[in-house]
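Naming follows writing order (A, B, C and D), and every chain is counted from residue 1.
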Amino acid sequence: MWNSLSIVLIMIGMVFFIAGTLGLLRFPDVYTRLHALTKADNVGLGFLVAGLMLQADSLTTALLLLLIWVLVMLAGAGAGQLVAQAALQRQHPVAKSQDDGRGHD
Amino acid sequence: MSTPLLYALAGVGLCLLGLYGLIVYAHLLRKILALNIMGSGVFLILVALARRSGDSPDPVPHAMVITGIVVAVSATALALVLLVRFSAATGRNQLDDDEHSP
Amino acid sequence: MGAAMTEAGLFLLDLLLVLTLLCLAWWSLAATDLFKGIVLFIAFGLVLALAWVRLDAPDVALAEAAIGAGLTGALLLTTLSKLASSIDNPPAKRSSPVLLWVLLVMLAAVLGYAIMSLPQQAQGLADTVASQMGNSGVEHPVTAVLLNFRGYDTLLEMAVLLLALIAAWSLAPRAATSCEMDEALTVSPIVLALFRMLIPLMILVAAYLLWVGAHAPGGAFQAGSVLAAAGVLALLCGKRLEGRLAGWPLRLGLVLGTAMFVAVAAAVMVGGAHLLQYPLASAGKLILLIEAAATFSIGLTLAMLFSGQRPSRGPAS
Amino acid sequence: MIEASGTPLPWIVWVILLPLIGAMLCFLWPRQGKTLGLLTALATLLAVIALYFQLLDGGVIRYAVGGWGAPLGIALYADGLSMLMLLMSALVGVGVSLYALGYFKHSPDNPAGFWPLWLLMWTGLNGLFVAGDIFNLYVTLELLGLSAVALVALAASRDALGGAMRYLFVSLLGSLCYLIGVALLYHAYGTVDIALLGTLVERNPATHVALGLMVVAMLLKSALFPLHFWLPPAHASAPAPVSALLSALVVKASFYLLLRLWFDVFSTVSMDLGMVLGVLGAAAIVWGSVLALRQTRLKLLVAYSTVAQLGYLFLPFALLSPLAWQGGVYFVLSHALAKAAMFMAAGNILAFGGHDRIADLDRVAQRLPITMTAFCLAGVSLMGLPPSGGFIAKWLLLDAALSHDQWGWAVMMMIGGLLAAAYVFKVVGFAFTQADAPHDAQPVSPFMEWSALALAVCAILLGLNAHYPLELLAIGGPVTFVSPSP
């Protein structure tokens, strides 16, 4: 019972990851790509962590997994901010450019 | 093919890629990258073969590789400082005899 | 049947990992843009960390992710921004003569053959280590090897790290004011707030890794590199060492790890024991003492290497 | 064989720890660098001498660090060969330390890093000479290589930075090749202890590949022709005391390691490689000497002379007789002293006139008589004239070649000696003539002049007391080192 719920949660997480990755590959500029990556992956990781917590042996492990999610969200938010800021500073075009959108000249 | 063997052979591949990069590319930063990749290949050989001991892997190569990683980062740091100084002094990023191409 | 499926699945996973590693390494070297090459190298390090996990080497995985990919990557990126010209497009190459290819292919064949000729099963020193674990003062085999059985290697390795820092300082001109990096990056308040939360957390994680190393994967090097990462973040946020700390207190902090190691290693000889022969009763404590000092120094050293300049002893900036 | 545990002071440990502690102190108090550095140098010399007497009393020393013993722990090991290397390093080390006192007073090179870096290098050297474990050797090798690179870069000129960069790449590449060899040996035999490996090693692919990689790594690091390309730029552009250390000690360390591996690890494996090494050595003698002769800058000439002289070290691999090995080791010692003295003298001339163009030496012989005496005495040893250490070394090698009717090698050595005479006299000749454009002269510190002379005199004295080193070499040496009658 718990096992199947866990599998379902992980599967849902995977779907979000795939969506995020597709967005990273297909979206036209830095900002939309960041959007896809940070949002979708954070949710995806949340589901993944929830699924894995059900598999955990002890409460400590479960809490550690939760902590990992929180940390990744913090790091993702910070990194996303930085990339966006760098892109703005270097005036990367916002719209339908086919620029490959790294934050570097 | 067993898992240890697969990873050890991949280590050989990384070593040779690194060696190729070290010899062929002129930009010093690329040479430093190449040495790091070569180092990773050696570490992979060391650790992969430690997996042959059944249930629990042999910890000695693990410790050696951790030592190796710290030595590698020290060497890389030194190489990078040297590169910055060299670049500032000469305005170039490659050594003299590497000027075969633009 | 199920076991065979898992086996096959895992082998496919291994194959995929190995191929990804080789491709990332190649792309990283051959990337037309050096920035891209470095980013790919960091990705390579992270995938390599996965490979370590697959090889049951979690300690190496932690060290690789933190030092190999993280800090080396950060060092490479700051260096790139300091170069006279960071453009190398297309990558300048020598013509690769046939001879080189012959050499590489031969080397690959010879090395591959040597590795394949090794026995499929080998214990190495796994049993010997296991039988002496009770006398090592710690419960985690890798920590026992690093800090006790082969502690002398680790002692010299701390000296190598110290050497890198001394060399970097002797090469880098002393910074008159450390404003160069401050101007390059204007930090938004959101990022600053995030970092304020992250830095204490990272210090906590470092302390945890240090403590857990006695009985599980972790230890001084992993903890030290997390500490260094905290230092790097602080530097990026524009934090600088206060002027009064930049003189001998900083130097003391940098040598503390090596000095403590040497002091303990030599002190245990007083009773006629050998170098690094800890008394059994206090072995655990002494190892923790060495590791704590080492963590602090490793963190400080790596962060200083990242900053790339000797902190000025002038008024605090 | 004795266990050193009972003795209160295991000197084998202190020869490594003392320079390490000194390096940390010099880093902590950079202003006291000179005093602390010199004190450490003297303390290390005393520790090495104490270890020497310990070795004379009790024979070969084997010390288990941490009390574990092989294969779990790391062993330190000292026999006659390691002792000779330690003594050589200590002698040259103290000489160079004294020299550096004067050198960094007037030089534009950055002095702040010299003392801690040099003492860390000494730690690496001594650690390498007493290591009994091939992975530990890797760490000492890195300590040695990285500190050597950092020391070259202290000169901070364009040439020095480029030379240091190239040296770093070569050094790291060599270390990685060596490490692959270590990985293969460990996974083949389950130990990294040299003594244990010596008993376990057998003929199989892994052993042969490890042997090949490790030998190539050491040839690269000891700059045997044709892998010598990195040496002249690095050695010639470094600050003078560093050039002396590199040519005298650092390249010898990798040669020592090669000997250790050859005799203690791979002794049972085929020695077919020996002939190849001998031929490369002979080629190095000719090629290095010819290039030295063609140089117009003094320091480059001395650096190419190192390339040539290193060639002699590899002749014993082809001659394969006890006499030849004794000659090879003797050559290491005499070249270390002579070349250190010669680089120091070249440094004096550079500091004196502000340049090292050979054609413009401008009566340097009259104006720096002590330095020129040192240069000539060192030259006598390099040429192999009696009564110098170089003469004894060449005599042993020649004897080994002739007693087996290997005339080719003997002729090679003769040619090498003649070429050495040619490049030494080229310098000496210009030292007596007046240059077209006389240059202004800077005072040279007496420390620099006398320390160069002292080492040069040691190189000559080495020839007058040949039996001491040879007797020491016999302690615990491989069977092939002990000759029936010298």
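A few remarks follow.
Rule of thumb we're sticking to: contacts are C-beta pairs under 8 Å (C-beta built on N, C-alpha and C of every residue); 3 or more make two chains touch, one makes a residue touch a chain.
This is a predicted model, so every value here is computed, not measured.
Simply put, of B-C and A-C, more C-beta pairs touch at B-C. Chain B and chain C have CA centres that are 14 Å apart.
Each chain gets a centre from the mean of its Cα atoms; for chain A and chain C, those two points are 26 Å apart. Mean C-alpha positions place chain A and chain B at a centre distance of 30 Å. With touch defined as above, residues shared between interfaces to two or more other chains in chain C number as follows: 111, 115, 118, 122-125, 129, 149-150, 153, 157, 160, 163-164, 167, 171. Across the assembly, chain B contributes 15, 19, 45, 49-50, 52, 60-61, 64, 67, 71, 74-75, 78, 82-83, 85, 90 as residues in contact with two or more other chains.
Residue numbers of chain A whose C-beta contacts span two or more other chains: none are found. Pairwise chain contacts in this structure: A-C, B-C, B-D, C-D.
By the touch rule above, chain D contacts chain B in their complex via residues 135, 138-139, 142, 146, 149-150, 153, 156-158, 161-162, 164-166, 168-169, 172-173, 176, 179-180, 183, 186-187.
Residues 5-6, 8, 10, 13, 17, 20-21, 23-24, 27-29, 63-68, 71-74, 110, 112-114, 116-117, 120, 123, 127, 135-136, 139-140, 142-143, 146-147, 149-150, 153-154, 156, 180, 184, 186-188, 190-191, 204-206, 208-210, 212 of chain D are the ones that touch chain C when the two sit in their complex. Residue ranges on chain A touching chain C, taken from their complex, read 71, 74-75, 77-78, 81-82, 85, 102, 104.
By the touch criterion stated above, chain B contacts chain C in their complex at residues 2-10, 12-21, 23-27, 29-30, 32-34, 36-37, 40, 43-45, 47-54, 56-67, 69-78, 80-85, 87-88, 90-94, 98, 100-102. Those residues of chain C that touch chain A in the complex are listed here as 33, 35-36, 39, 188, 190-191, 194-195, 197-198, 201.
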